[in-house]
Amino acid sequence: MCRWLAYSGTPLLLETILYRPAHSLIDQSLHSRLGVETTNGDGFGIGWYAREPDLTTPAVVRDVGPAWNNRNLREIAGHVRSRLFFAHIRASTGTAVQQTNSHPFRHDRWMWMHNGAIADFHLLRRELCVAVDPSLFADIEGSTDSEVMFYLALTFGLEDDPPGAVARMAATVERVGRAHGVDAPLQMTIATTDGTDVWAFRYASAGTARSLFYSSRVDSLRALHPDMSFLRELSEETRLVVSEPLGDLPGAWHAVPEHTYGVVRADGADELFPFAPAP
Amino acid sequence: MCRWLAYSGTPLLLETILYRPAHSLIDQSLHSRLGVETTNGDGFGIGWYAREPDLTTPAVVRDVGPAWNNRNLREIAGHVRSRLFFAHIRASTGTAVQQTNSHPFRHDRWMWMHNGAIADFHLLRRELCVAVDPSLFADIEGSTDSEVMFYLALTFGLEDDPPGAVARMAATVERVGRAHGVDAPLQMTIATTDGTDVWAFRYASAGTARSLFYSSRVDSLRALHPDMSFLRELSEETRLVVSEPLGDLPGAWHAVPEHTYGVVRADGADELFPFAPAP
Amino acid sequence: MCRWLAYSGTPLLLETILYRPAHSLIDQSLHSRLGVETTNGDGFGIGWYAREPDLTTPAVVRDVGPAWNNRNLREIAGHVRSRLFFAHIRASTGTAVQQTNSHPFRHDRWMWMHNGAIADFHLLRRELCVAVDPSLFADIEGSTDSEVMFYLALTFGLEDDPPGAVARMAATVERVGRAHGVDAPLQMTIATTDGTDVWAFRYASAGTARSLFYSSRVDSLRALHPDMSFLRELSEETRLVVSEPLGDLPGAWHAVPEHTYGVVRADGADELFPFAPAP
Amino acid sequence: MCRWLAYSGTPLLLETILYRPAHSLIDQSLHSRLGVETTNGDGFGIGWYAREPDLTTPAVVRDVGPAWNNRNLREIAGHVRSRLFFAHIRASTGTAVQQTNSHPFRHDRWMWMHNGAIADFHLLRRELCVAVDPSLFADIEGSTDSEVMFYLALTFGLEDDPPGAVARMAATVERVGRAHGVDAPLQMTIATTDGTDVWAFRYASAGTARSLFYSSRVDSLRALHPDMSFLRELSEETRLVVSEPLGDLPGAWHAVPEHTYGVVRADGADELFPFAPAP
């Protein structure tokens, strides 16, 4: 189980989002409220797009060890500004704690991060790996289900049709899982981006999916909280998608419904759609 | 805040004590019940004496990162047997997470580990360091209060008179603290050993000291729990001193009273004495 | 490129072999003479069998970073005695520096380590992984060619017939390599053990294979160097197999011929045999 | 022994200087030509000033392990642009490999890095530490001579008069060294900056000081090499100071004379002056 955060909007120092909020992602690394485990100390990662238009590939900095005591993370967060960044804290369920198992994962200008699990992944791993496009297979570096899900989505056309590719990935996990006698193979909340738009998915084969929230429109937040100067610095199109709210600001957070995905466009347009696996 | 464990008795695989109990030290690294923080994920260490009589200096293996996901710790614990070992998990209160700040500390054949804090250590650090014997000063490698306490105790004769040296160390911390306007400078539970005997101290300048427990005599435990085969493998002189009990076995654990130290001899003799700082 | 060492014989502190010799493995981590690179600083590992008969599985301690400055390695080496151990220092050729890519690899009571490379492994990786027994596939944790070679050998019967299994593994690499247009797919020096016997292989598809040496019989060394007290402490059956000699003692080291494997039995018997890939 | 690099000039991606040159600092981490050791694999660090005027404190990212295989360093270097940055690769001479011993060191908006050594530092450490301003002492986090030199320079007025403060620091080391019978206590090449100007010092108590070079004026380099497009992108005021040249470009590098310091101003003005310890 993990926690993650996707930010899109006014270019901000990463620390504004990662460290400043009352229940920031760094606080969640020690004291998660909604996660299966309260501690997420098995590695972390951040990925950000630089403002320079020639740098289309995001920087991805990942490490082992907890985020809460990592000084380099704090240094970077205090000196790097970005209009679009991902952050992830990991709670391993047994796979190795190593840099290549920390999120976000990257392929060219795409990033991917995940909270959830493929049930009995050990049983399904080989067949899922074999379903990855042979030209992509050798780029898999770690041993997590999350990375294999990313490579499956790339195999199924993530770069052209993100919702379709994720639906096909989910259908593949469902199919392979059930073929191996796994009843409810998939629990997932995923964020992915090409550096312009952000897609976020919430889905579970059965039962309640992992929690997922998105932030309110900045203009409505300003109307609710006219005294919060911080909100005046944010542009209209600023949006956050998070595993759990970063604080208790009334009106700030909305649960993403189950079996749903949302997209946040660079221009601030956003929309929710139903999500279902589709072969 | 930290948690620690000192074992003396029948030579055992370290994992028997570190991993097997229901509320083992490894479990405490994620779910401490009695500590100030529930998570102790900022480094760990183990120190053990080999059985060979020519190896009088203990092996000390320390690392950064949490104990709960460290594979090397598990490997060592599953293959090394010792009659006397220390283990420690760290929760930093701000000082760097680095190997030289992880416990136990070692000097020749002595080991030292600590749970607690010198209040306002930042303010007192220089004067306490200056009080360390000049011939020992250059061996200080880290930045913790715990290591400075060790070097002060060595300065004050730890190798000849452990209770006296710790009393003088505590008195020095009290004196320097109060000279800098710190009301209650010291909170400590300390274990130290020369490879034969183990001394454990519980003390606070004011208020309740950090928790500390010792295990019951093995013969009385056997009488209480005749069905536990594990107890039949332990010799009479086996003893544990721990920050918090490793499980809920009735009759197994006794709190060390406040302002008290205890000694566990290699032959199983043990005794409690009052403790007070003494200049 | 890497360097490795396999020891079988009189139970010794690991440091006797790892640190004491003039050109020890630790020295080779900074100053390899025969390797492709002089520096082997991309991780290391040791694996040893405990003397207790109930502990048939070896302890494997691996880490990232250089061996030369690793304090935990020195601590373990100074306090652990073993009659059979492996040690390996890694020079990555691009794959991630992570614990699961450090050698030795372990499966039950078997260990495996490697110096060499599969040419164009990126191109061949998928087909080689698919050739691994499906029941073993999910245990692959890292991204090296060396680990895949181990799982192929396990697939082909390593536990029953080590030389035959390694020959089949090599033939598979040759076949898959040539099918992908790779002329000389394999360069390997491998050591493997079940905790009793040690097998070492030297082979290259073309050209000169990586260097490999074995030590002389202890009795003949004693005759050559009657003044070396160290040799008097070793039993007759003691043997080392190494990537490069640990020093310049005349008469101490013999090159393993090309296309050859050797076996060192627990009772000191040893023999060399020709080696060739065999489908 | 270490290697370092200070850059001031046209805002560049760090990788332009750290990775691209033929004999870049990263290459020097494996293959130093002029250093005492060819390998500098015991940690590294970078420190950069952001372009935003409100961020006057530099970001400092330091890690253990070699620079040559560090992926996070490459990520940051490929996505962060700076007009003034330091980079350092470390070869420990025995002190612990830990983040707080990696350079550059920081105090407010000042950075400091060093190549060289205080002879018999173990002997002099206490007296040098005691000479540090008591209000600064508690900020010392590591165990290197380099950090103590920084805190001594801060004690002696680095923020007001860098050359004077470094001269007083050097005089203190000379005095304390000779009082302890150390003949030639100091070997140093130091770079320090306040985020605007850069000062670099080359000095040894006796014998030849560690190597130090500065780059030629960009306009003269352009005249020499009219075909190098890279040079056309650099502004006139761009300057590098390095432990050893980053390549073999004729006319590009000048040795800093012995017992000399230089200053590079933000506007490109630069000058060399004689340097001598001064109490």
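Letters A, B, C and D mark the chains as written, and numbering starts fresh at 1 in each.
One rule holds in what follows: contacts are C-beta pairs under 8 Å (C-beta built on N, C-alpha and C of every residue); 3 or more make two chains touch, one makes a residue touch a chain.
Labels paired with UniProt names: A, B, C, D = Class II glutamine amidotransferase.
Just so it is clear, the model here is predicted, and its values are computed rather than measured.
Colleague: What chains, if any, are shared contacts of subunit A and subunit B?
Modeller: Both-contact set = C, D.
Colleague: For subunit B superposed on subunit C via Cα atoms, how large is the rotation, as a multiple of 5°?
Modeller: Fitting subunit B to subunit C on C-alpha positions yields an angle of 180 degrees.
Colleague: Take the average of all CA coordinates in subunit B, do the same for subunit D, and state the distance between these two points in whole angstrom.
Modeller: Measuring from centre to centre gives 41 Å for this pair.
Colleague: Give me the residue numbers in subunit D that touch at least two other chains, ranges are fine.
Modeller: 71, 96, 99
Colleague: Quick one: which bits of subunit B touch subunit C in the complex? Just the residue numbers, please.
Modeller: 48, 50, 52, 55, 58-63, 71-72, 75-76, 78-81, 99
Colleague: Could you list, by residue number, the parts of subunit C that touch subunit A in their complex?
Modeller: These residues of subunit C touch subunit A: 95-96, 98-100, 121-123, 125-126, 129-130, 134, 137-138, 140-143.
Colleague: Under the stated contact criterion, what part of subunit B meets subunit A in this complex?
Modeller: Contacts found on subunit B: 30, 37-39, 41-42, 64-66, 68-69, 71, 92, 96-97.
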